[in-house]
Amino acid sequence: MSDVDLLTVGEALVSLRSPGPLATGGTLTMHLAGAECNVAIGLARLGHRAAWAGRVSADELGEFVLRQLRAEGVGADGAHRDPDRPAGLMFLERRTADVTRVRYNRAGSAGSALNVDDLRGPLAAGARVLHLTGITPALSESAREAVTWAAREASAAGTFVSLDVNYRARLWSRAAARATLTPLAGYASVVVASADELDLVAEPGADETTAAADLLRRGVRTVLVKLGADGARAYTRDGVTEAAAVPVTAVDTVGAGDAFTAGYLSGHLDRLDLVDRLRRAVALGAFAVAAHGDWEGLPRRDELSLIAGSAAGTTLR
Amino acid sequence: MSDVDLLTVGEALVSLRSPGPLATGGTLTMHLAGAECNVAIGLARLGHRAAWAGRVSADELGEFVLRQLRAEGVGADGAHRDPDRPAGLMFLERRTADVTRVRYNRAGSAGSALNVDDLRGPLAAGARVLHLTGITPALSESAREAVTWAAREASAAGTFVSLDVNYRARLWSRAAARATLTPLAGYASVVVASADELDLVAEPGADETTAAADLLRRGVRTVLVKLGADGARAYTRDGVTEAAAVPVTAVDTVGAGDAFTAGYLSGHLDRLDLVDRLRRAVALGAFAVAAHGDWEGLPRRDELSLIAGSAAGTTLR
Amino acid sequence: MSDVDLLTVGEALVSLRSPGPLATGGTLTMHLAGAECNVAIGLARLGHRAAWAGRVSADELGEFVLRQLRAEGVGADGAHRDPDRPAGLMFLERRTADVTRVRYNRAGSAGSALNVDDLRGPLAAGARVLHLTGITPALSESAREAVTWAAREASAAGTFVSLDVNYRARLWSRAAARATLTPLAGYASVVVASADELDLVAEPGADETTAAADLLRRGVRTVLVKLGADGARAYTRDGVTEAAAVPVTAVDTVGAGDAFTAGYLSGHLDRLDLVDRLRRAVALGAFAVAAHGDWEGLPRRDELSLIAGSAAGTTLR
Amino acid sequence: MSDVDLLTVGEALVSLRSPGPLATGGTLTMHLAGAECNVAIGLARLGHRAAWAGRVSADELGEFVLRQLRAEGVGADGAHRDPDRPAGLMFLERRTADVTRVRYNRAGSAGSALNVDDLRGPLAAGARVLHLTGITPALSESAREAVTWAAREASAAGTFVSLDVNYRARLWSRAAARATLTPLAGYASVVVASADELDLVAEPGADETTAAADLLRRGVRTVLVKLGADGARAYTRDGVTEAAAVPVTAVDTVGAGDAFTAGYLSGHLDRLDLVDRLRRAVALGAFAVAAHGDWEGLPRRDELSLIAGSAAGTTLR
Amino acid sequence: MSDVDLLTVGEALVSLRSPGPLATGGTLTMHLAGAECNVAIGLARLGHRAAWAGRVSADELGEFVLRQLRAEGVGADGAHRDPDRPAGLMFLERRTADVTRVRYNRAGSAGSALNVDDLRGPLAAGARVLHLTGITPALSESAREAVTWAAREASAAGTFVSLDVNYRARLWSRAAARATLTPLAGYASVVVASADELDLVAEPGADETTAAADLLRRGVRTVLVKLGADGARAYTRDGVTEAAAVPVTAVDTVGAGDAFTAGYLSGHLDRLDLVDRLRRAVALGAFAVAAHGDWEGLPRRDELSLIAGSAAGTTLR
Amino acid sequence: MSDVDLLTVGEALVSLRSPGPLATGGTLTMHLAGAECNVAIGLARLGHRAAWAGRVSADELGEFVLRQLRAEGVGADGAHRDPDRPAGLMFLERRTADVTRVRYNRAGSAGSALNVDDLRGPLAAGARVLHLTGITPALSESAREAVTWAAREASAAGTFVSLDVNYRARLWSRAAARATLTPLAGYASVVVASADELDLVAEPGADETTAAADLLRRGVRTVLVKLGADGARAYTRDGVTEAAAVPVTAVDTVGAGDAFTAGYLSGHLDRLDLVDRLRRAVALGAFAVAAHGDWEGLPRRDELSLIAGSAAGTTLR
């Protein structure tokens, strides 16, 4: 019996956002960030019991991270305070209206020191879904081991495992990513990827259809391809299902993929059928891009209908 | 002989605006709000003598309201300070780029305690136009009586009465609104409504043409239908006249309807013909949506030409 | 057996802070406020399990309140969402460098509708300490009943009851306060008051010594008199104990009394002797006045030593 | 018969305030400034009918100036819009915690082009008090003539004339100031000066007593010497009267002298005796220094008692 | 032999930017501005040695100007501090989403007092390119002489002279501009203009082709016509070459023309062929309009590729 | 012959300042920081030619650092861009009005990778003074070597070497610091320390007099002891000289020691005698504590007199 609906594991970052070019300085705002945190928050806002496990620094920035997780109702009992390592940071700079640049300051961070022991407790506590991303194994050798161990254990225990490929070119090469993520995908029930990430969990150079087929053959039940403004595509043994994106005014695309995944997993937890799971996925993606912040705009359950059919400039009163 | 060009009556609110979701907190900016104030400011900026009457709290928020009215040149001698009731508040939250949510904190407010006695003085002072909205009668029984009394008195005295339906679903039901507003419209020379509000001042379920005809039959001289980005339509005994919207980049649609009404009434005071009244109406609407704030972007008379034909990105120097 | 160390009951407000005069408008910052919340946060920051019970509005402001309580680790399962009433508000204005003005917008608020049924669950869950203030019974008839009921039940069950007099002149008269608070004090183990509040829980006009003696006679074990910059005085059957204030640069005295109470109750929960309980009380008061915000500056347990002996301008690196 | 209680004449500036050194850039806030405006606002806040006359630029900065005057209830019908000259500016920089630097950008400004014709209308409308400062005549030849003309006319008409010496070293030399201000003082009923300004309206090098005696001999009824934190001294034919300053936490001394003068003139208009006039003068000075801004902290009549006896950290609720 | 790649001459302004209407006040941000500074910064960011010469006020605003130039790596040894004149100011107001208004406060400014002597040193130091604009000669008689002298001297010395017409209607009439700029263009190797400015350096009323032919006949080697969102057109003796604009989300068009010119001159210094010079020109223009500020968004050399092909919402990590 | 007056070597940090507790999040402002940068800026503002050498990250934060150094006129040609390591960060949190906490995020930073080769060029270029601190050798083994090498080389070449002990407990132990700094002090002509740092460059446990005598015996010409609000004491072979602090309102003590050192070295470069060197040192310290920021408040040469004798609340106009 599981205590939580979803457990996720990774690095919680402090994101420092600059509304303009960093080089000319100015004012930064502090935000909790991290793909796995985004997913956990997305689920918690919809009323699911979500938990996050990982390492945070034993200083004020670590306190900030925990304070934000608690505020969003994400269980953080599995957070380990690391007395020796600093917080992982992410500088997010709106370089132009169209180009956002992210730089990490996370080498040697508390979060990157994640290891198998950190995850024993949280995993033992049980969860209906274990969500992993391709970012965490790129952080360090021990983090790679920890994620692989967790996927294997959960899979063996029959837990539904979700993997978002989330390739980060600044952290590792495509070849290195493929070497780790391809076996990892074998433990997953659902694999989420953008179109150009699919071959990182399949044969190098495989096209979308081939890669999806390959994953399904290896036991993945659903392969989700995120297509941004074009919506999403799902591959299952029953065929291909598509969902259009919800048309909104896009102001900040960061976090949209995580929102999509959270929506899909929420649908899974609510036992929706595939079409409705995809609908919720693209709905959450729409909330994410129509609001500033990685997760700040995600909906509570009573807000899910807000965005559907709202023309630009809708005022509710 | 009248002292002012336009007298309007209603509740002046303190609007607290949040640039993002309220639930995550942050910074709010204080603004004067209220449909009737917006109209009065729109006229004052164009050089008309506009006055507002109503109740404001006898505290700092009431001072703020009066200070803003004075700043905009709106006569506020008819404002009654209520020592016992708090200021009416409005929380305006930009929930996503496309969806703005408004919550009121106005039950039991000073403004909602408006009564007939509050209006005797201002009405006696005279005005060329009396402007009313369907919001005020929804605030309380005494406010309903006050507005009805004012409309009746003004109409009897031959004053031009303007009514903007302005239905607010959070304040009353459509049925309750219809019961009050339909007779009220009978006193009006001009009735302004959005397409879905028209049947609140006519037969339930009446379509636009029928409702307009109905109003004209009851003595209304002009029925204005606000169509947002599609402009506006005016029904008179001479037929139907349309005006296209002025194309602008829309950044904040709140207050656009009030701006439209102000533009129309300004044209009326300037004795423009219908086509030009409508042109001024849509021009003011364009200013409102192309600027942040409910009324902050409205033009002075020398600015009326600014917006016509300006491409996005025009720099005047 | 109790689940939490401290349960407190009251109204959680949204405080809107203006750094200067409200009448000239500007920018407000949103904060969680309320004397009982301040105490709960003070204890939670020190590692105690604290919980709060009361009513919050079922809108974004209510979400904000709950989000802040969760962020600070205060249990809020006992919060009841009220679908019909708005959030209680508090406008805090720094009128001059020396004078802060607070106005409430809480009549008819969700929090003021607190009733006995709201408290049955939280009280049944058990707590080592029940903390009450003289603010809540001033909010409404049902709130008065609820607080009195809770004090009686807890007292009967042997729970340690704490009462902070916290007289609010804008909410009720001294006579009305006395009529309610004097019997309430009879259920308390500790009564906290400023010097000019003592006679609200004793004979009218009683001086400090008389009032304290009166309370001790009625079963109160400790009477704490807050003296601001002069520290505090505790009356017990063993006599009078004094504690000097910790000298700090005062920038915001709001919340200092609640911090003092939180420090005292923390000492009680840690089974410190009276002198050390008082020391912790004045230490927390010092943190409160040396930082902006009602509770934002309160210390975690590892920070308790920060303030002792720090000269102005201490930099820790 | 006069329409207003006080008429004042001068330049209304747009003050751009920097919270830190200007050279490193950053954010400036816009404020209405100008010694005469400060006095008019001080009186209007206390309920007197105050009016200002002068020239403002016919652009958005001029609109800003008029908007602020109107907001504060200062009559500005006597403002002349100058289509050819820019707004006068003042850069106010908090260079260190103790040193504020002011730079003017007012040469050739609209305000500096003040001339006799601009003042004919306002003066003809009548006023109980005409308030002038030593700043305006330093702005231009025509402004000097205008001020001198106004003083003479008003004096001849029996209007109470008030003159604040207000020497500005960046505008003219002490010798030039003396040549203009000494005769001007001859028209005044009250002359206000700081100790080091007194000899600008008397014999060069005259000490305070001598200068005051000299002024009294020339017909001035009251000579007020502002002593900052030491209060003030008034010389009349009946002798010397002193008033201590009201002790407050000083955060911004700019505008304190104007507040003092406004308090004195308010007392004069209310027909208070000298001691009470001085008390109101030092009270207004205290409000000014205990709040940020040149005039933003000035009290309404119901706030006059706020500051008396308030200890630092007083919270009113 | 030249010390710098580009020397430019003009007025460096302090730009005070308001995000909304100026008349309602608020917060302004300080920026360095001036067409010539923008060009120099554009080149310096790309790694060229750029220098600026002109007059700046001998106060904190002058310090600000120099500090910004130094920060951007623009040589400012040729800046003359003027002890007697204030800084030139520019108020930039975002009046609506589509309309930006600029007002100057530069009459009598330090920058406008530029004279021939100020330029002797900088010109003697040598430069590969001398860049001039049609703004500087509009500032004063001495500035007109200085610019004309510099163009003649540089041309005679074989220096490549660049002229951007940059007509400013608030500074002079078209006729006055033509009288000065037409002969000035005769010294230029490249003339930059928008389509409606071309006849200010050619026959009045000449169409684009005629005007360009006229300039080429008079010795200008390249005539660049800026077409905004339509890109640009270059006329040389070899014919006409066009370049499309780089499609970006436009948020601030101010400074786009200067960025275009900087890109072109950078290509010239890098000895690119015409097509590539135009490509760099439109690329820099795209950076300028896709970022807030006149020059803040301009690219360093390693950023030139950022904007090509970036879809809206690109995140680089 | 030397190109610059002062060369300093160290790590330039990006300081992220929080006006309140970091754990509750909010807004951070970006600043250049680092003890050596502060000293270089202090000298550059006074008109000396100052240069800084070290490593900065090859990203936007590195650009920020160089942009700030250039803006302040500090030569940064000796800055080496490190493509592999991130910027060193410093989080500065105003925890209470009296307590500021600094946390570093600089392990493995670009700046900490400083090595001997980085310094060969800058040192070869020559300088009248080489300034070092005890922070740099604590950053890494290679940085320790680099600083020691530079001190030895400069000393051997007859360059005046300055050493500020600047002990940072978060970087190394007192014992480790002593082992490195004591020999380093042997190369210095002037050693600056606070009272509790003196024994890190002398015998463990030595009192101030003994430690100073020891240093003088080893060839140090001047030992400066910083006493904060108590001023400073200088030990030379001629005895002990004291200087009182300049009384100012202290708002930010961070950087005061560096300002003191800059003032002393400026006096040295200007060949002032000891008393006047100390006077300038305490004057610069006063500027630093009376303004926000580590170096932002430091004076230009024409501002040196600003602070002397200015009472709190001085307004210069």
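Letters A, B, C, D, E and F name the chains as they come in the text, with residue numbers starting at 1 for each one.
Keep in mind that, in the parts below, a residue touches a chain if its C-beta (ideal position, glycine included) is under 8 Å from a C-beta of that chain, and two chains touch if they have at least 3 such contacts.
Here the structure is a predicted model, which means the values were calculated and not measured.
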Inset, instruction - Name, by label, each chain that touches both members of the pair subunit B and subunit D. - result: C, E
Inset, instruction - Please identify each chain that touches subunit A as well as subunit B. - result: C, E
Inset, instruction - List the interface residue numbers of subunit B and of subunit C, divide the shared ones by all numbers used, and answer same when the ratio is over half, different when under half. - result: same
Inset, instruction - Would you indicate which option in A-B, B-C or B-D repeats the interface seen between E-F, with over half of the contact pairs matching by residue number? - result: B-D
Inset, instruction - Tally the contacting C-beta pairs at the D-F interface and at the A-C interface, and name the larger one. - result: D-F
Inset, instruction - Using mean Cα positions as chain centres, tell me which chain lies farthest from subunit D. - result: A
Inset, instruction - Indicate the whole-number Å distance between the mean C-alpha point of subunit D and the mean C-alpha point of subunit E. - result: 44
Inset, instruction - Could you check subunit B for residues that touch two or more other chains and list them? - result: 21, 24, 63, 67-68, 101, 103-104, 250
Legend entry - Inter-chain touch pairs (all): A-B, A-C, A-E, A-F, B-C, B-D, B-E, C-D, C-F, D-E, D-F, E-F
Legend entry - Interfacial residue positions of subunit C with respect to subunit D in the complex: 20-21, 24, 95-104, 168-170, 228, 250, 253-254, 289
Legend entry - subunit D to subunit B touching residues, read off their complex: 63, 67-68, 70-73, 300
Legend entry - Residues on subunit C engaged by subunit B in the complex (per definition of touch): 16, 21-31, 59-61, 63-64, 67-68, 86-87, 89, 91, 93, 101, 103, 105, 107-108
Inset, instruction - Would you tell me which residues of subunit A are touching subunit B in their complex? - result: 248-251, 287, 290-293, 296-297, 303, 306-307, 310-317
